[in-house]
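Chain lettering (A, B and C) follows the sequence in which the chains are written, and residue indices restart at 1 in each chain.
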Amino acid sequence: MSQNLFVQLQGVVVKRRAKAVLGPIDLELSGGGFTIVLGPNGAGKTTLLKVLHGVERITSGSVTWSVSDKTAQQGQAYVFQSPVMLRRSVRANLAYPLQLLGLPKAEIAERVAHWGARIGLSAVLDFPAPRLSGGEQQKLALARALIRRPHTLFLDEPCANLDGRSTREVEDILCEATQAGARIIMTTHDLGQARRLADRVLFLSKGQVEEQARANTFFTAPESSGATAFLNGDIIE
Amino acid sequence: MSGIWAGMVEAFLLVWSLDADLIDITLRSLKVSLSALVIACAIALPLGTWLAIRRFRHRRFVIAILNALMGLPPVVVGLIVYLLLSRAGPFGVLDLLFTPTAMVIAQVIIITPLIASITHQAMRELWSEYHDLLISLNTTHGQRIATLIWDGRRTLMTASLAGFGRAVGEVGAIMIVGGNIDHVTRVLTTAIALETGKGDFALALGLGVVLIALSLCVNLTIHSLSRTEREGRW
Amino acid sequence: MIRAILFALICAGTAIQAETLRLAATTSFNNSGLSDALLPAIAQDIGLDVQLLVVGTGQALRLGQSGDVDAILVHSKEAELAFVEAGYASHRREIMYNDFVVIGPSNDPAQVMAATSAIEALLRVAAAQSTFVSRGDDSGTHRKELSLWAAAGTDRVKFTSWYREVGASMGASLNSASAMNGYILADRASWLNFGNKGDLALLFSGDPVLFNQYAYLPVSAERHAHVKAQAARNLEKWLVSPRAKSIINGYEIGNEALFVFNARP
């Protein structure tokens, strides 16, 4: 295994209704920072993320983390494309993952207060979460993921429904997280965002990894034709 | 209409005079039905939730059976429980026949499928909403059940009250296994049946009014208690 | 000193704690109101708390058979004899009798009032095809009704829609008869105590064949070791005592005596 390698996929195939939506994929991911997954719709980005997180069943192949499976699972967090809000207050949503871990009440209260302030929802901590706006829910889902201090964070189109200001807030939070040592794997349709944040890029098309490169290399001189077409703004079928 | 009016007058007089017999059978009605409710909920709420989140072979079959059990005629349940608890039956040595305990047992059997079925339906919807998140957070089965039950508690409360309504208004099964013995196993519904049989319609109707009022009180109490929670919202 | 107090308390405790006995009796026994007169006296005199299960004769016999009760009080001699014969009770003890009466609409379309015997009364109803409500529940009253039809030489299978079997207790059957304004055979006690008479009236009575004998049967302790045999014996002794005689003979509804005590000591 190469240095800093944290996960390895070998021959991974995901089939749904006998149709292969992902794979076969051989992939090694290493290093910290941002790994951005790009590709046209239906390429399998979300599926890949779910496979890495361990919530998508793979038809064949293997996913191997460099730490034990249990440590790997506990240290990961995932933010879904449409955030799932518990039918509780904002405060209770934030506290929930920590309660699952059995942390002491004082510690939970402290972290909840910190993250509530960080995402600008201090004033509405006791508001029912399902009643928040789309943007606020997205930020809440993000805070709920980060409150556990995960070492790996998966995000599926985290800024899809956010306005400019909220997008900036979210990107700031994500950068802080990587500086604190978390590694982030996220998908996005926003090429500008990808250029801003990426350290490495994974380009997916039709369920295959067409290209894997460092960010500056990818954006200036993409190797595959698919990537070139994509960056050009062409429609890829 | 005059018959109904006579019944309401009778009910008022009974309650006003704090008739000792009335208090006796009312308290017993409450005791039996509330006990049955607590036990049935302890079984049905986790069972219904568990059925909603677990996938296994024959799951649809089990759910169909559960829904069908809702239609069990209470009288048949009473007969079966009687045969089980009778001295001539397998559990006769427990000497439970013609006691309030036998009545609780019969009512638990009657209302558990009802509560479990409504619970299952509600939890299924909630689970499909929470599914991705709870799996992503590595929750255990126990944690999932607890989270669903807590977040779905309003619907579960409605399910429980439906069960309570069914229990407190039930008469066929508890007549058979309880025997309607004065001061021992007589409750509001069996007393109503007795007085109706004697042709004393006014008294029977009066007791009926008391029963309805009792059910209303229980419902209102539970609704108002739950509203004092912080997130109290329908 | 302390020992004496303790002893007194224990005695008091056991005295206060009355013994209980489960008795299955027929609905007519309860509907007449006689049980409400007898039970308190029993508790007072012999310290026995009688738990009364009011059921139909058929069910009472069944409960005695399974040993779910300690004694039964029914009014169906044939069934009682079979019960004793089968060994479920050691004997039957006759206590009292009341009589059956023919009830019907006050305008009496079948002219039952003019009948000279019970059988003739029923035949008149059949001939007029007036509505007749039958208990249909295998109770003592029902069996008496069936025996009368049989003695009249009729074939119940040939009865058409005027004959209605409701399969219910005395009170419930009277309710049905009141609602349908039909004829019905009832025991006098239940009729007098019935609260929903409507347009019905007592049309025929007095034929000796309508006498209704109640008997007490203690459940056999040999068959069911757990029954309270001693308490059942005590109750039986009380039921044939002069005290019981005075209560039973003295029980009236509207100045009419309902039961006649005929137990032999």
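Basically, contacts are C-beta pairs under 8 Å (C-beta built on N, C-alpha and C of every residue); 3 or more make two chains touch, one makes a residue touch a chain.
Predicted model, so just to flag it, every value in this text is computed and none were measured.
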| item | value |
| --- | --- |
| Required steps from chain B to chain C (each step between touching chains, minimum) | 1 |
| Inter-chain pair with the most contacting C-beta pairs | B-C |
| Chain ID, smallest distance between chain and overall C-alpha centroids | B |
| Separation of chain B from chain C, taking each centre as the mean of its C-alpha atoms, in whole Å | 35 |
| Chain A-chain B separation of Cα centroids, rounded to whole Å | 48 |
| Rounded Å distance between chain A and chain C, as computed from the means of their C-alpha atoms | 82 |
| For the chain B and chain C complex, residues of the former touching the latter | 86-89, 92, 95, 97-98, 179-182, 184, 194, 196-201 |
| Chain B residues touching chain A - in the complex, by the definition given at the top | 126, 129-130, 132-133, 135-139, 143, 147, 151, 230-231, 233 |
| Touching residues (chain side chain C, partner chain B) in the complex | 22, 27, 31, 51-55, 65-68, 168-172, 174-175, 178, 193-197, 224, 226 |
| Residues on chain A engaged by chain B in the complex (per definition of touch) | 53, 55, 73-74, 77-78, 80, 84, 86-89, 96-97, 100, 126, 128 |
